[in-house]
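Take a look at the following structure, please.
Chains: A, B and C, in written order; residue numbering restarts at 1 for each.
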Amino acid sequence: MIESYGNINPVLAVLIHALIPLTIILVYALVAIWGERKVAGFIQDRLGPHRVGGWHGWAQSIADLLKLIQKEDIVPKDASRFLFKFAPFMMFAASYAAFAVLPFSSWYIGSMIDIGVFYLIAITSVLTLSVIMAGWASNNKWSLLGGMRSAAQLVSYEVPTIATVLTVIVVSGSLNLMTVTEMQSGNDILGFLPNWFIFQNPFLIIAFGIFFISILVESHRVPFDLPESESELVAGYQTEYSGMRWAMFMLAEYADMLLLSLLGVTLFFGGWNSPFGSFMSGPAWGFFWFLLKGFMLVFVMMWIRWTLPRYRVDQLMHICWGILIPATFVNLILVALWEVVF
Amino acid sequence: MKLPEEIFNYLRENNEEAGLEYQTGDIGEPWILVEASSLKPVMKTLRDDPQLLFDVLMCLSGVHYQKEEELGVTYHINSTSLGHKLAIKVRVPIDNPHVPSVESIWKTANWHEREAWDMVGVIFDEHPNHKRILCPEDWEGHPLRKDYVQQEFYQGMPTGE
Amino acid sequence: MEVMMNKTTDSNSERREMVINMGPQHPSTHGVLRLELVLDGEVVKEVRPNIGYLHRCFEKYAEELGDYASVTPYTDRMDYVSAMNQELGYVIAIERLLELEIPERVEYIRVIISELQRIASHLLGIGAFGLDLGAFTPFLYLFTEREKILDIFEKTSGARLLYNYMTVGGLMKDVPKDFKKDTAEFVKTFRPKIKELNDLLSYNKIFINRTADIGVLPEKVALNYAASGPVLRGSGMKWDLRKDDPYSIYDRFDFDIPVGSGEVGTLGDCWDRYMVRVREMEQSLRIIEQALDGMPDEGDVTEAVPKRIRLKEGEIYCRTETPRGELGYYIISDKKGGPFRVKARAPSFVHLSMLPAISKGSLIADMVAIVGSIDIVLGEVDR
């Protein structure tokens, strides 16, 4: 926490404190974009990028970034200029702000607030707003359709996301993500399994399944990438963007993937806790475990993306309102009953 | 399955007033020449008569016969159930190239007729959407006419090399 | 911002509809096709296809060349995805006018090559269809296979896309020594890949959800619009020119005609059209195997090629089965050196014309599926 920075100027301390997640996001985005291409390459029986920088083309993302920086920043003539320019930054700001309540290790959390989960869910809703903003401000019909699809899908899927988070809250009894993580320390289940929530209550496994589907939708990943579905809407709300503004969308999208994966890790997979009890645990190992688990979920998202076709708008809505939401609420009751009985 | 000649004889027995003519080239396939005025009833018979049942219009082509100063339309029809096929021709003078549309008999004629209008300049009466299809709407001339000269500029852009 | 909505008035109530241009630059129009969509939300109220962006007037070229044999390379450029089949249709038409006897060996090579081309074309069609629905990976798997066919073609003709290999009366040159071996090897390795494709894509739950009951084309409508090839067969009609109006030596081979059955949805939906293509690839493999067995090892492939083609007056309509359907050449000859009139009846052109009839009331996403499932090639539509 801030107090632990000792005698440094408080403003500087806040800055350093806030820069830690930003550094993680930026480095992660470069690695993840390269990684996604590599994963796609291997899944598709080809090599992926392998020229830039020598070893397996590791510098591909950096080269792309340099290219994007040099690109002309085009704003369409009839676009709503301010909103058009503002939307990508707002989108990234929203994902970045949400990282504040994630406990990266027992030693580091951006802001130790008691309503962490509530804050996170509230701030990620701004994503929807920025997507609509981008779609509408572009003055392009495809962008508009993309924005509208996104609004419909994000608003709908917030219900199952929140309801599954609620199931965890029923078990944990706290909205503070640090407390939630601390509750999952130790290896007591069946004598060897870690005390992660997913192992504590069988119905939470179902809850995790629903949660994972919902975060696929929330982060616009295949099979639910309708707002930017290339073959239908050209590029959805991103159609008119170029250069760095487009890169900001990309960055926000990857940051969002990581954010939601890390939330999943915190709620279901013990956050920064080591899977081996006190072995390899501690503040530094906490960082390692937390990010490793997050990256594993991100990898699964990539894996799904390069395997499945895409759903249609009405089918997506049906999955949400017809299947996931009733299932979540039934599951919520079952989790609560389990907690009362055992 | 019937040969074109048998179909011609059968048609003549049933539509006596229609000006039908059986023609062949030196090589290749024969065809039946029909007067433009009786094209539609003949085509209807061809499609609906239980002995004929031509249910598919395979192809419709416009032709410019420069020597005779005529435009022609050739219809290639096919029966999937009886397995026979036939070519029907219509020829009209170039200064009054009106041919009745068969769009109401075979829907596929819609685009083919538009193409024939675009390329050769045959006018199809009663066509629901009589517009150019391959060339832009404001293109000049009909490219597949033998005496066609390409316009030099299209909307200010040079068209030649 | 007021340009966004076009107000149109309904007879009873005032509605707000949006007219949107899908294409000419759009990822899933398979070339430069423009569809004007009238949308109510995402529901497509009306489709107006606009074509002609690739129009080169192939027919004018053919008439002005003054030579029958020089037209073949131009036919390549119509359906550039299955150029061999386009050539075959044209040379057969001229050969029929000439009443030419073709050597055995040439006939067998032609059949093998055009069936390989059919597989290659279907691989592209299926792959692009998957891509339209968001499945990226099958596309690349299929492209790997297509690559092997193109390698064989490259060895044979020297080109990978536009071959100019078949010529009136024969072939440009003989096949390379290891043609038989390469082809047999491909047939062997390709068979299991079809099963792999079925596991990955054909029976995928999401894929079925996206394609079943979409773009239903009843058999009656299909015939009225003169649909042919996989599109017609997808509607349940057993009609294949290789069997129903045999050309070349197709009557010697034993193969089935796969038809749509409404297995996962309604008869004649996108999935049926897709599946007909997948099953046709298996049948093509069967034909290739039989042709490889029957192909004579010796023989001059250019012996029947006429030095100069002179025709009397006459005309012919010659149709062959290309991967996309019935390709017809209507050729009128006069006493001059070249054709008086060549009309190519392209299957994609005909299939595209029925798009408004089968896509009314669908969603934008379905439009993409329907356009993908009729597998158009714009080079052929516009000619």
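Definition applied: a residue touches a chain if its C-beta (ideal position, glycine included) is under 8 Å from a C-beta of that chain, and two chains touch if they have at least 3 such contacts.
In this text, all values refer to a predicted model and were calculated from it rather than measured experimentally.
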{"item": "Chain pair with the most C-beta contacts", "value": "B-C"}
{"item": "Chain ID, smallest distance between chain and overall C-alpha centroids", "value": "C"}
{"item": "Where chain A and chain C are represented by their mean Cα positions, the distance between them in whole Å", "value": "44"}
{"item": "Computed distance of Cα centres, chain C from chain B, in Å", "value": "25"}
{"item": "Cα-centroid distance, chain A relative to chain B, in whole angstrom", "value": "62"}
{"item": "Interface hub residues of chain B, defined as touching at least two other chains", "value": "none"}
{"item": "Residue ranges of chain B in contact with chain C within the complex", "value": "24-29, 31, 55-59, 61, 63, 74, 76, 80, 83, 85, 87, 106-108, 110-112, 115, 119, 133-136, 143-144, 146, 148"}
{"item": "For the chain C and chain B complex, residues of the former touching the latter", "value": "51-52, 55, 57, 59-60, 63, 96-97, 99, 221, 223-226, 237, 239, 244-245, 311-317, 319, 326, 328, 330, 332-333, 341, 343, 345, 349-350, 352-354, 357, 382-383"}
{"item": "Of chain A, residues touching chain C in the complex", "value": "40, 43-46, 78, 80, 136, 139, 141-142, 144-145, 149, 222-223, 225, 229-234, 306-315"}
{"item": "Touch list for chain C against partner chain A, complex", "value": "1, 3-4, 18, 20, 26-28, 42, 130-137, 140-141, 144, 200-201, 204, 206-207, 209-210, 363-366, 368"}
